[in-house]
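Heads up, the next two complexes both have chain A, just with different partners, chain B and then chain C.
This part shows the complex of A and B:
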């Protein structure tokens, strides 16, 4: 049914209302739709809404059809009379006669912005801003292209025909370009959400074609890389593939390490750069100290430090004072690390390396033994410190047999040193007898010295009273009892040894029952 | 057979003895749990140091769980909670999926993530074949033309990531997975890592340690890599014969005065390196020949045995360090190799005299009950997240899930080695079967067995070896 309001109700008012719509239009799509509506044949909108021409009233149909006839190419075919009649009808219909060459707008024809928002839903004002930003980006890009040409011409030594001078690239030019890149990055990001990272927006990296990760589809344990990391890694792969070693590569490795210090590839590549550039050692160490303190658990740092030392040691090897000074400063740093974690395995391994490399064996010269004693005084249960002491004492090249195995006697170690170490271990055991570290140490010392375990029997026995006596048995250290068993076994006193193991399994160290029982069985088997 | 492990037997069989030993009257638990696992050790020194404070804190966080006093948990009649199998599977599958940006620190260890998850899933009996195609694509992407696998695309090849990738491919199995590996390039690369001192560098310019020795031996033996050194290798120039030359003596130099094994000579004995050392040696030759020849076994056993603490029941990695669930594997998996090292070809490699096939049980060197208690109570993340952990105060992660479960399976199964009499046969046949006596845990919580040397399903290990045995060259 044709709507009632179409019957002669259309007048000049309608036209002015449409004008108003246009100015009040909220979104880009609505504005386009309004403009389109204004340029359609009269009643075309109604025809569309009502589902076809047949639903229009006669007047409406006429107005609609007449619009087509007013087109110049159609109109010229009409006889004069018909022309006159046409204009009469057009005037009577009181509908504006607009004609535009525009297609019906689609709501999605402007595409979407970086946030996935339909640009057709932008307000006109927002849209105009966007157009302006796009124009800005175009300008900046054009200036950037002119910079690139200038750089190319300068590199080829070409002459500017307008001035007669050679093209030169000044610091100012580069600075301006860097500023432009920043602007470009900001504009690109604002418009398209595409982030231009620090590398793609730095003219210094223009010559590098990044190698992106290109993860296969469905890759396992794939990480959603942060943009910065992703970009830096793409450039890193590219310079590594090109075997480039340069200050900028060094900076790049620093950047990647700050984001992922466990990246062994970057560390190895960083060292290769340092080698090629012959970087000053102290600068690198200073930087490394900070990284190490930031990432206490990281171990790549310590291998890197070792590589650095191997590389630089020859330059100081002939100056003993220099070596000593360096040893002191390295130990100071190592101690700083131990203040955070006194048992850090990789830091201790580095200390062992340092001791060998810099020959820090003698306490008079290096104070290494004193430093260790300080650590053991802080925590007598720090087994790493005990382990290092064993290494320091029994690998000293002044007397120790080279390559003597840790579990074998070394007749070259002087007796007074064995005496000193036995006394040291015993003094520490006295502080806390249930502490296994000095017990293990004591045994290790006796083995090195080729001494019988029984040589400390009196000392050990003071921690075990009335063994086997249900009422009076007192054991102040299960480790003493274990030693005692071995002392008895060594002396051939099997019954006593067996009793020690039995009591260990029954009461004093029950969790190791399986082991004590194995010891008992093994001794029996050996004697049968 | 003289059963000497009285505690375990009593606990499971003799209610009377158990009720005498349990201190439930003071602890509020009605379950028959031995005091060994519920109270402080009999000797504690009064001296307080950083180490003793940390140890006390650890005991404090473990005891409520060990005493079955955590009201949020359901315990069985032995005071052991169930294994949250479905949750662990779900958690592991998550770690194989897309990881958020916070995982960027794992960018160089993605092959590890793959191995940990796939191996743990296999132990839990989950289907890993669905990951095959994606694993193949991922691994191929990480392989370098110059041999080996890096931690990711464009990363330098590394022995640890190569080890993890190769094992992952073996776990999913099948020719298409095996054929991803460029064996000729691998051989050249391994040759270039071989050091004049017998050890292996982890990567070109990387560190040399016992991990390298183990990873290299695993890769070489699984893939049947020819042992001869490529002529351009520095080790060849130094006069070494082949990839295995001097490897055992490198491992030997890592044994310390404490009896344990360190990462490299001069360093401190550490549980993870003990397993690497024993695993490496067991690949080079039959354990009963090479281990006593290379290491001081009595000292090693004493040190290994000291790794287990009470009341926690778990293993620590070093003297005076704390228990950590991951050593359930690193230390726990040493025991079958130690057992084998004590055997002789004429007798089964067991420590308690001749055994008949029908009664394969023998006394364990360590306290299996303690370890199982620690794993089930303290080593599991009991929240909906799932996964296994270091200790109750720590969050679960893929690394711990893999190694805590590996430790659990080794505590649930008895391993015996059929030792080769022939001096020239290095391969040892390992028989892994469930302990059949009554167990602490519910039978449905028994995991699949694992290979004692390669830490992957035994069948998968056999399949890949059979496959590459037919390819003596490249």
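This part shows the complex of A and C:
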């Protein structure tokens, strides 16, 4: 048995590693190194530093070797006398005899923290704090697991044998779990820098295994998505693959749409959810109004709206008053969109769709024409409004030939309507003669009415004075001059038509010189 | 100002090698488009015909090294496939990648990417389209067509079709039909070509331009898609006697269309009225250009001007409309020999001085940062405006496919795969 005073050589003089060294250490690595030194065989450090046992003195060598023999399983084999001699030598060497199962510490064995800092360089206090936080996370996770099992038991209707009652999940349980998830997210982030997104930290989504975007590193056209988008999309993929339709999926689509309204798949999936859940379509329209105003340039919103209307309209189609009321509210919304961008192509397309779907043709009943005139009064150069007017006037099923092309005459359109439209275009040209929208409209109306361009010659001529007269030539609209050329050509007056084109290229519309010259060449080629 | 070719090369290489910034998130469902424009841009800038003539005029310019590294090409062939599916590792099964998610634009860009990546030799005939399910794709395209002849974007699980009645889809469907030789696959697999032509025909607007569909407002992007779609039909069923059969059949009034197209060029008088807008990728803008009087005066200015292009009457100039207008006119010239040309000098000046970015690429308008969409179409516009000549540094351009001539030839060669034998019609995986 070892003598009683051989517990650790605390009082040993000249030992290379002292207990006090531990309190002097600054970092985790230094402390581990000190602990290691305290548990090494005597002179082991010296042996290592000097490059081998042979470099130690005889005394040192003996002390080193004796240390190995002091292990209980070793000295018990020694005869009593040898044991006595061993302990005597050990005592004389004045070296500590601590031994522990400690490997030589490596500076990087603790790994790195979220900021890439070597944890071995942490101060002891910092390290202890980290351990504390990890323990906290473990506790929170354990509570979370017990919540998960309770939820599982409750869903299966199991009975708690300790109370004899069925497992139930209360609102409080869920609230507490949500709080825990927040704590979990904060702890995970603090420790590992990993952000737990809103879905992975929401117990409502526990049963969904997200499908992340799996792509090889460095894939072409990879996008640096915002963090939340990436997570939400991975949950969206999962519920879409599982063909789940539920209120939470509807909420998920709303979230994805708020981050990327141009994603067509999410809209189609949202609509499928609305159908499966039998959602009130008017609520969805209401929601869509907000979204549309937030994302003015988006097309998918309008496609979605049309789908909704296709399903909603049959429920009101038999009640004309209801249709009228609905038409009014839709137009009010469309006008709200135009207040932001009066030339938005998608919205004008939708307005056409509305007009057809709800039969908003007649001004007396629906006021479409009045509404359009208001828009043209606001901006006479709004080509979209002009185009919609053309559609409204020349697609009206009361008189127009069904599916009549925009570029062909329609004998079914009454002459007074043609007259009205010619007069309207001319009145607007008078306001801004260089505005091409009403000039194009005028041409379109004349074609529809099967009338010659020359039928408006007097009107057009007022914008062109003394053509060809170097001194007095005055042109107030290049469009008028072009129109005049076409009138002359139509009447067979090639010389005058040629002069118009020549002057357009030379002076009044220089940027299209190539085109005007081509017109001149084409006419000459046709007549030769 | 000249084309800053080296800068544009750097721009497309940046897009090729790095992750695109988060502003592209709105294009997430169109990543095939982004990748395609990246590759097409690199290809155009390093095509054989793009090499500048050497100082010693006697010797031919050296054939440039392609900017798409040869070592990447094979891997890039897998890229269209990986983009389209999420992969569920747990069950080793592609998740959410059923037919509902196949889209017409995605299919179009994927096929052209495969053709674009082919090698410049005869071996590409046997490789470029290997693995493409030709029959399945043709059947699917057929299902995308509506009774009125128009095409949607997506076929839903219940067989219904989603997407607008949009002229772009006609162009894409016609191009896919050409690439897959749909016309040779038999009536049961081919789309209703006459229906498509009817739909396009109905979409010419009263002012001569083309709209999204019947009675809509004309817009230059739709004008290009309409004429290019018809031209792709002509290319597919080439008739030596009447090379513009479908172009003639699909456009009720060609001269009105030319008139409308050339009217899109406007004298650009400054960027003071343009306010910065959200990147929409669709080239929409809402500000009103200069007042009538100043516009009238600007048309009479002598000397060099900046000639921008708008997409609709009374809208402001935008880089991409230079392409849609110039491209449409070039395609039309196949039906209309010696058609009117645009004012190339002022058109070039607008793009090179106003929307060409100092660090490469093109923005939507003056002062806008460059993006892939406008950068590629800016180059395309310069190439198309050059007509039979070439824009120095860009080489020759195929306006129907919106690709460099050499790349278009590669896609065309790849099509021969379908003529090699019926065994190519089975799905190779």
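Heads up, the rule we're going with is that the second predicted complex is superposed on the first by the 441 of 528 C-alpha atoms of A that agree within 3 Å, B and C clash if a C-alpha of one lies under 4 Å from a C-alpha of the other, contacts with A are read in each partner's own complex, and residues count from 1 in each chain.
Please note the rule applied: contacts are C-beta pairs under 8 Å (C-beta built on N, C-alpha and C of every residue); 3 or more make two chains touch, one makes a residue touch a chain.
Just so it is clear, the structure is predicted and the values come from calculations on it, not from any experiment.
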Fit or clash for chain B plus chain C once both are placed on chain A? clash
Which of chain B and chain C A:217 touches, first, second, both or neither: first
Once chain A of both complexes is superposed, is A:344 in touch with chain B (first), chain C (second), both, or neither? second
Given the touch rule stated above, what does A:378 touch, chain B (first), chain C (second), both, or neither? first
Which holds for A:209: it touches chain B only (first), chain C only (second), both, or neither? second
Mind working out whether A:297 is in touch with chain B, chain C, both or neither, as first, second, both or neither? second
Which partner does A:317 contact after superposing on A: first (chain B), second (chain C), both, neither? neither
Residues on chain A touched by both chain B and chain C 211, 213-216, 218-226, 229, 233, 237, 240-241, 259-265, 268, 303, 342-343, 345, 348-349, 352, 379, 381-384, 387-388, 390-391, 394-395, 403, 405-407, 432-437, 440-441, 443-444, 447-448, 476-478, 507-508, 510-515, 518, 521
Contacting residues of chain A [partner chain B, same complex]: 211, 213-226, 229, 233, 236-237, 240-241, 259-265, 268-269, 271-272, 303, 306-307, 342-343, 345, 348-349, 352-353, 356, 378-384, 387-388, 390-391, 394-395, 403, 405-407, 431-437, 440-441, 443-444, 447-448, 475-478, 482, 507-508, 510-515, 517-518, 521
Going by the contact rule set out above, which residues of chain C touch chain A in the complex? 15-17, 19-22, 24-32, 34-35, 38-39, 75-76, 79, 82-83, 86-90, 95-96, 100-101, 103, 153-154, 156, 162-164, 201-202, 204-208, 211-212, 214-219, 252-253, 256, 258-259, 262-263, 265-267, 277-278, 280-282, 284, 286, 288, 292-293, 295-296, 299-302, 305, 307, 312-315, 338-343, 346
Which residues of chain B touch chain A once you look at their complex with the stated criterion? 4-7, 36, 42-45, 47, 49-52, 95-101, 103-110, 113-114, 117, 131, 133-135, 137-138, 140-141, 150-156, 158, 203-207, 252-253, 255-259, 263-264, 266-270, 296, 299, 301-303, 305-306, 308-310, 313, 318-321, 351-352, 363-367, 370
Any idea which chain A residues touch chain C in the complex? 209, 211-216, 218-226, 229, 233-234, 237-238, 240-241, 259-265, 268, 296-297, 299, 303, 341-345, 348-349, 352, 379, 381-384, 387-388, 390-391, 394-395, 403, 405-408, 432-437, 440-441, 443-445, 447-448, 476-478, 507-515, 518-519, 521
